[in-house]
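The data blocks that follow each hold one structure.
Across the two complexes that follow, subunit A remains constant while its partner is subunit B and subsequently subunit C.
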Partner chain A sequence: MLRYILARLAQAILVLFVVATVVFALSRASGNAADLFIPQDATDETKELVRQNLGLDKPIHEQYVEYLTNLAQGDLGESFAYRSDVRGLILNALPNTIQLGVTAFVIGSFFGVAMGVLSALRQGTWVDTVGKALALVGQSVPQFFVGILLVIAFAVNIQIFPPFGKGGIDHLILPAVTLAAYPLASLTRLTRSAVIEVLRKDHTLFEQAKGVSAARLVAHTLRNASLPIVTLAGIQLGGLFSGAVIVEQIFAWPGVGQLVIQGISSRDYNVVQGVVLVNTMIFVLVLFVVDVSYGLLDPRVRRHGRGVATGP
Partner chain B sequence: MSEFDEPVIYEHDESMPPIEPGTFGFAMSRRSFLYGSASAALAAFLAACGGANNATETPTVSNAPVTTANAIPVGSSDSSTTTASAARTEAKTETLTIGVSSLQEAYVDPNWAVGGLIFPLQWAIADFLYFPDRDGKFQPTLATGYTLSDDKLRWTFTLRPNVTMHDGTTFGAKDVKATIERIVSGPNANDYAHYVAIKSNVTGANVIDDLTVEIVTSKPMATLVVDMPPPIASDYYNQVGEAEFKKNPKSTGPWKFVSQELNANVKYERHEEFWDPARKPNWKKLVYAIVPDESARVAGIQTGALDIAYGLTGAGADGITGSNDVKLVEITETGLGYCMMLDNVFPDEPSPLKDLRVRKALLMAVDREAIAKSLYKGYATVPQSGTPKITPGHNPDAKTLPYDPEGAKALLAEAGASDLELQLSSYTTTTVPDMPKLAETIAQYWAQVGVKATLNAMETATYLPQWRNKQLRGAAMIAGPTYFYVEPTRLSVNSFFGSKAVYTTIVGDAELDGIVEQTIVETDFDKRAALGRQQADLIDENLYGLPMILTSSLIAVGPNVESFGYIISCPYAGPTSWILAK
Partner chain C sequence: MALPLDHDHDAGRPEADLTPSLTLIPGRRSRGNRRRVPWFSGTVLGFFALTGILGPFVAPYGQQEINLAESLQPPLLWGGTWRHPLGTDDLGRDILSRLIYGNRVAMLVSLAVVVIAGFIGVVIAVLAGYRGGRLDSFLMRTTDAALAFPVLLFAIVWVATFGVSTRNVVIILALAFWPSYARVLRSEVLRIKTMDFVTMARTMGAGGPWVVWRHVLPNIVPTLLVLVSLQLGLAIVAEGSLSFLGLGVPAPAASWGGMLADGRKHLADGWWMAVMPGVALSITVLATNLFGDWLRVNSDPTTKR
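Moving on, here comes the complex of A and B:
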């Protein structure tokens, strides 16, 4: 198990290094950010001074080495546009994104799994039909459209939730439900198919023949169907943090998504790099936790120190 | 009782009086509620389900004049004192929330705030020595007047007494001196375009006495009054230092900074000791809420989460015009969309665009009236001149070339350019909305007279550097924020025309350059205006840039706002001290 964890850690570090390099290369390939900050009628001397201040006068390889060195020390640089420490900016926004992402994850996974199990157990009934229809809608309708519809329905017309902004629980509901729509639908579909598959297995039929209670049957079935569900849920959780950009824009949620949008529009290299790296770290961390959880769920992983095929 | 307390409110069923330049109030536009989009239809359906029905809106207007009296124009050495009026009646509303699409500010420091919403942020927390009135003419505010030495290098400002700053100290010459020194020697000064002139020309500030300060320049600087930064509370600044001051700035304005949550909001509380009772807000708290999505801002104004929403498009306005509680304010002529003839930048490269007949033809080929009505849904007009009306020297009698496709064809044939092909570049900007669509429409009109334009649309961050670095050819769209051209040399020096133009160095027109050189150092307002007229005439005669469209800014206003004032061609309500809450 330890070798398994160490191998996963090494992979995670490699992924982070590659992502850091790609992000650096892409941001530099898009042009010189100094041009955006140079005063309109500045002299050549002033222009050069601005480039020096931003560190953009150095050769690209020097910028890269400096970037990696700083990164290793947790220094994400200074935002050109905000004129502030990028790490501070991200740390300021990240709790908001985590709050939104985790809430959406809880909503998506709880209702997704519940609806999937219910659909599987009531296969062919109206419950199953409704579940499948909702899953289809949730997966196919774009996030921004879901968000706007929810705002019109629950903020403008019924007026039970605020239309945007961060505040109490009521501010969290609409953006979290919007963000949860896709993972909820995906988990519903996957859980349904995974549970149906387990229900058809001989050991489940044997349990049913023995007359075990419905609750116990569901518990056993879910345990056996859990690996693909946990895998998908993990991927969805990672995606929720990076995928919150649109939802944060619609609902004016002051998270990392808004920060990166501002960074992109003002070509604020350091902010974009920092946010992408932090998102990557979160994603890698979540997948690492998912990998480790296989060991808890599947004794074969614990025993052999390696993963098993888990996809649907 | 102050005139602020007597706003004229026109009821919903009254017709809309014309909006005169610089008057204040709500200009409502009647627009069809159903504009055919699926979302609008669905919204109507949900509205029917939800119950909160919006009646069809008819235009309303209110007027609430708000400014100090005794205008003296910039450049005049005459001085005048603004008389404070009586206090306003306190409103029932305690907090007004203004929704904006972006602030892009790490700090709301009145000196260092840059980017998205610099003017409203500065106007909230700070006052200026001189500030524009509703006609865009600068009036004495924290200053009561100035004198200028014979060599035009020493400006002596007399300052208003008994002005209490946010830190409790009394405003004086030391605060002006500290601010100038902060700008000139500040660590970030090189990054701020609007201080370049100060940094380049101001050599020092001297305290003559508590209420008299002398600013010394290295050469005549006609724009000093316009460019002067808002004074900060220097005692507090010296006490806490630069870093802490930026986080919690203090100045003299009607609002005191309370807090800022990045990309979420900025909060202020009323400065109870604000010196001018006529401009002291009649409500207690001001919030700028950052709401990037337009539909969310519309929802915010409909639900009361916002009291004022900036930056709406015609489509967004459609969602509001049916509401009884929400008013739509159209501030006209806030953005001027040019189609610049960039080939004139390169003297050694032959191009049909260097022929005035071709440039005239390209303007005559476009039905700008139709564009204003269709693309901008009526929230735009056809510019009669390349110089906006806020600019001193603007010719109010200027007449643009009419839409005449046949005439355009004839001119092109005469110039031997009937089969003209060129690139038309564009970008996205909030100053003139839908710029890529505008370019596309222009290209279609040009096609009707035989001109083939290849469209080249880019994001702003890519476009502007290419523009400045002269990497574009042919024709290219550019948006001019008209309020910025309150100073005539900005049109030539900071923007588009003349050999000193920053963006393009677009033409080497010796006559135009000569006029600009004179204007830069001419401190007499009337003479500057005369020079501005010469500049405007030359710009219109030569058509180095084709003035395509003058767009409006749309602001939605909720029921808690009784009225507000605005500066001519400025896309924002207020300053906030010109807003009256109910």
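Moving on, here comes the complex of A and C:
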């Protein structure tokens, strides 16, 4: 198990390293890297000063080593628009995004799995039809439109939730539901087919013949169907943080998503780069946790140190 | 998918529940609807394709025609007039016309993305699947890494570096979408490679390129078509999301996502500004998804009755 964890950890670090390199390479490949980091209205003297400070006049490999060293020390550089260091900005915004993402994840996975199980058990009845229809619509309606519809319905027409901003728990509900909609729909679909697959196995037939109660049967079925469900939930959780960019934009939620979009419009490259790297780190971390939890859920993975294929 | 921008991870997989043999509570067997013609999705897609192609000829106004005297006119059913059946936006631009122009953009972008990504995907799939060996494992590692990485993060870096343009949207999405094709098609290539007619061709002295061109490629076409139809919907949503964030098609050109973003400021006094493009987007995506599902079930001869 330890070897398995270490191998996964090495893989995670490798991905992080590759992404950092790609970000670096892109910024240097864009022609004039200095223009990315320096506000357009700056004077020539400032530009020259910044260029020297950033070391843009040095050879490319020295810049790269310096860049990686800074990253390894957690130094993400300065923001020109905010005149403060990027790490502080991200650390301020990150808790808001995590709050939003985790709430959405809880809503999405709870209702998604519940609806999927219900749909599978009542296969062919109206419950199933409703579940399937909701899943299909939930996967077709784009997230930003879901959010806008929710605002029109629950903040403009029936004014029970505030339309935007951050505050009490009432501010959290609309953004979290918006963010949860897509994972909820795909988890419903996946759980439904995973549970149906297990229900068809011989051991389920045997349990039924033995007269095991429905509740216990569901528990056993879920455990056996849990691998694909956990995989998808993990991928969704990793994706939630980037999905939050859109939702934060709709609801003016002060998270890292807002920060990065503002960073792009004010050409604040260090902020953009910092957010992308931190987001990648979170994403890689989540995938790592999911991989490790495989080992806990499925002894076959633990023993052979081999993951189950995650792709289609 | 995480969010709509990301790949649908169960895309190329057949639904597992077509013929239920054992259910906990015996219910009605799901009716086989395989041979049925996809009227709804076909009509919707045909309609959007037609208006997209005819664009400037059917749109009553230009996409940038500003008329402040007629700003925020409601749609026909909500007290509007025939002059602007779907209402106008805050600058008095006709929403119907802008939807038609936006449709054109969505179509062009998603088609370009699907073609480019499909091409890269097929090349990688054939190289990896047919050659095998170390090249295969290297290409598949790369594919997996690209598949796992969130599209939006990549888009953010790309736009921050190279700026906003429609061409950049196509590049971003093509680079983001090829791994799905490569993954699914590679397993198809592996399957076809071991089939008797391929072995036969090889024993008769056919070389690699010949086998790929005459036997492998024609046989992955059905799977490719299904993938394309499913990815088309994803590409449309992705273009919409990027434009909504201001990372996609630059203003003032009409794009559905951009129109939705503009409508955000007028949810209280002009809800139609956001709802009309949202509905257009959702219906199109729903139709492509349904059509893709239909194609998936029908293209596989083993599931036909």
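Going forward, the second predicted complex is superposed on the first by the 272 of 312 C-alpha atoms of A that agree within 3 Å, B and C clash if a C-alpha of one lies under 4 Å from a C-alpha of the other, contacts with A are read in each partner's own complex, and residues count from 1 in each chain.
One rule holds in what follows: a residue touches a chain if its C-beta (ideal position, glycine included) is under 8 Å from a C-beta of that chain, and two chains touch if they have at least 3 such contacts.
For clarity, every value in this text was computed on a predicted model and none was experimentally measured.
Undergrad: Mind working out whether A:Tyr182 is in touch with subunit B, subunit C, both or neither, as first, second, both or neither?
TA: second
Undergrad: Quick one: is A:Val18 in contact with subunit B, with subunit C, with both, or with neither? Answer first, second, both or neither.
TA: After superposition on chain A, A:Val18 lies in contact with subunit C alone.
Undergrad: By the touch definition at the top of the document, which applies to A:Gln236: first (subunit B), second (subunit C), both, or neither?
TA: So A:Gln236 only meets subunit C here.
Undergrad: Taking the superposition on A as described, I'd like to know which of subunit B and subunit C A:Lys210 touches: first, second, both or neither.
TA: In the superposed model, A:Lys210 contacts neither subunit B nor subunit C.
Undergrad: For subunit A, which side has the bigger count of touched residues, subunit B or subunit C?
TA: C
Undergrad: With the two structures laid over each other on chain A, which partner does A:Leu259 touch: subunit B (first), subunit C (second), both, or neither?
TA: first
Undergrad: One more residue to check, A:Arg200. First (subunit B), second (subunit C), both or neither?
TA: second
Undergrad: Figure out whether A:Val272 sits in contact with subunit B (first) or subunit C (second), or with both, or with neither.
TA: Only subunit C; A:Val272 stays clear of subunit B.
Undergrad: Looking at A:Leu149, would you say it contacts subunit B, subunit C, both, or neither? Reply first, second, both or neither.
TA: After superposing on A, A:Leu149 lies in contact with both subunit B and subunit C.
Undergrad: Classify the contacts of A:Gln249 with the two partner chains as first (subunit B alone), second (subunit C alone), both, or neither.
TA: Once the two structures are laid over each other on A, A:Gln249 reaches both partners.
Undergrad: Can you list the residues of subunit A that meet both subunit B and subunit C?
TA: After superposing on chain A, subunit A residues 30, 36, 145, 148-149, 151-152, 155-156, 163, 249-250, 261, 264-265, 267 contact both subunit B and subunit C.
Undergrad: Hey, which residues of subunit C end up touching subunit A in the complex?
TA: Counting only subunit C, the residues touching subunit A are 1-6, 8-13, 15-17, 20-25, 27-30, 144-145, 147-153, 156-162, 180, 183-184, 233, 237, 240-241, 244-247, 257, 260-261, 263-264, 267-268, 271, 274-275, 278, 281-282, 285-286, 289-290.
Undergrad: Name, in rising order, each residue of subunit B that touches subunit A in their complex.
TA: It is residues 39, 42-43, 46-47, 49-52, 102, 104-107, 112, 115, 188, 190-193, 196, 261-265, 289-293, 295-296, 299-300, 302-303, 305, 459-462, 464-465, 468-469, 493-494, 500, 502-503 of subunit B that touch subunit A.
Undergrad: Over in the complex, which subunit A residues touch subunit B? Could you list them?
TA: 30-32, 35-37, 39-42, 46, 49-50, 53, 79, 81-84, 89, 92-93, 145, 148-149, 151-153, 155-159, 162-166, 249-252, 254, 258-259, 261-262, 264-267
Undergrad: Report the residues of subunit A in contact with subunit C in the complex, numbered from low to high.
TA: 15, 18-19, 22-23, 26-27, 29-30, 36, 121-125, 128, 136-137, 139-145, 148-149, 151-152, 155-156, 163, 182-183, 186, 189-190, 192-194, 196-197, 199-200, 204-205, 208, 214, 217, 232, 235-236, 238-243, 245-246, 249-250, 260-261, 263-265, 267, 269, 272-273, 275-276, 279-280, 283, 287, 310-312
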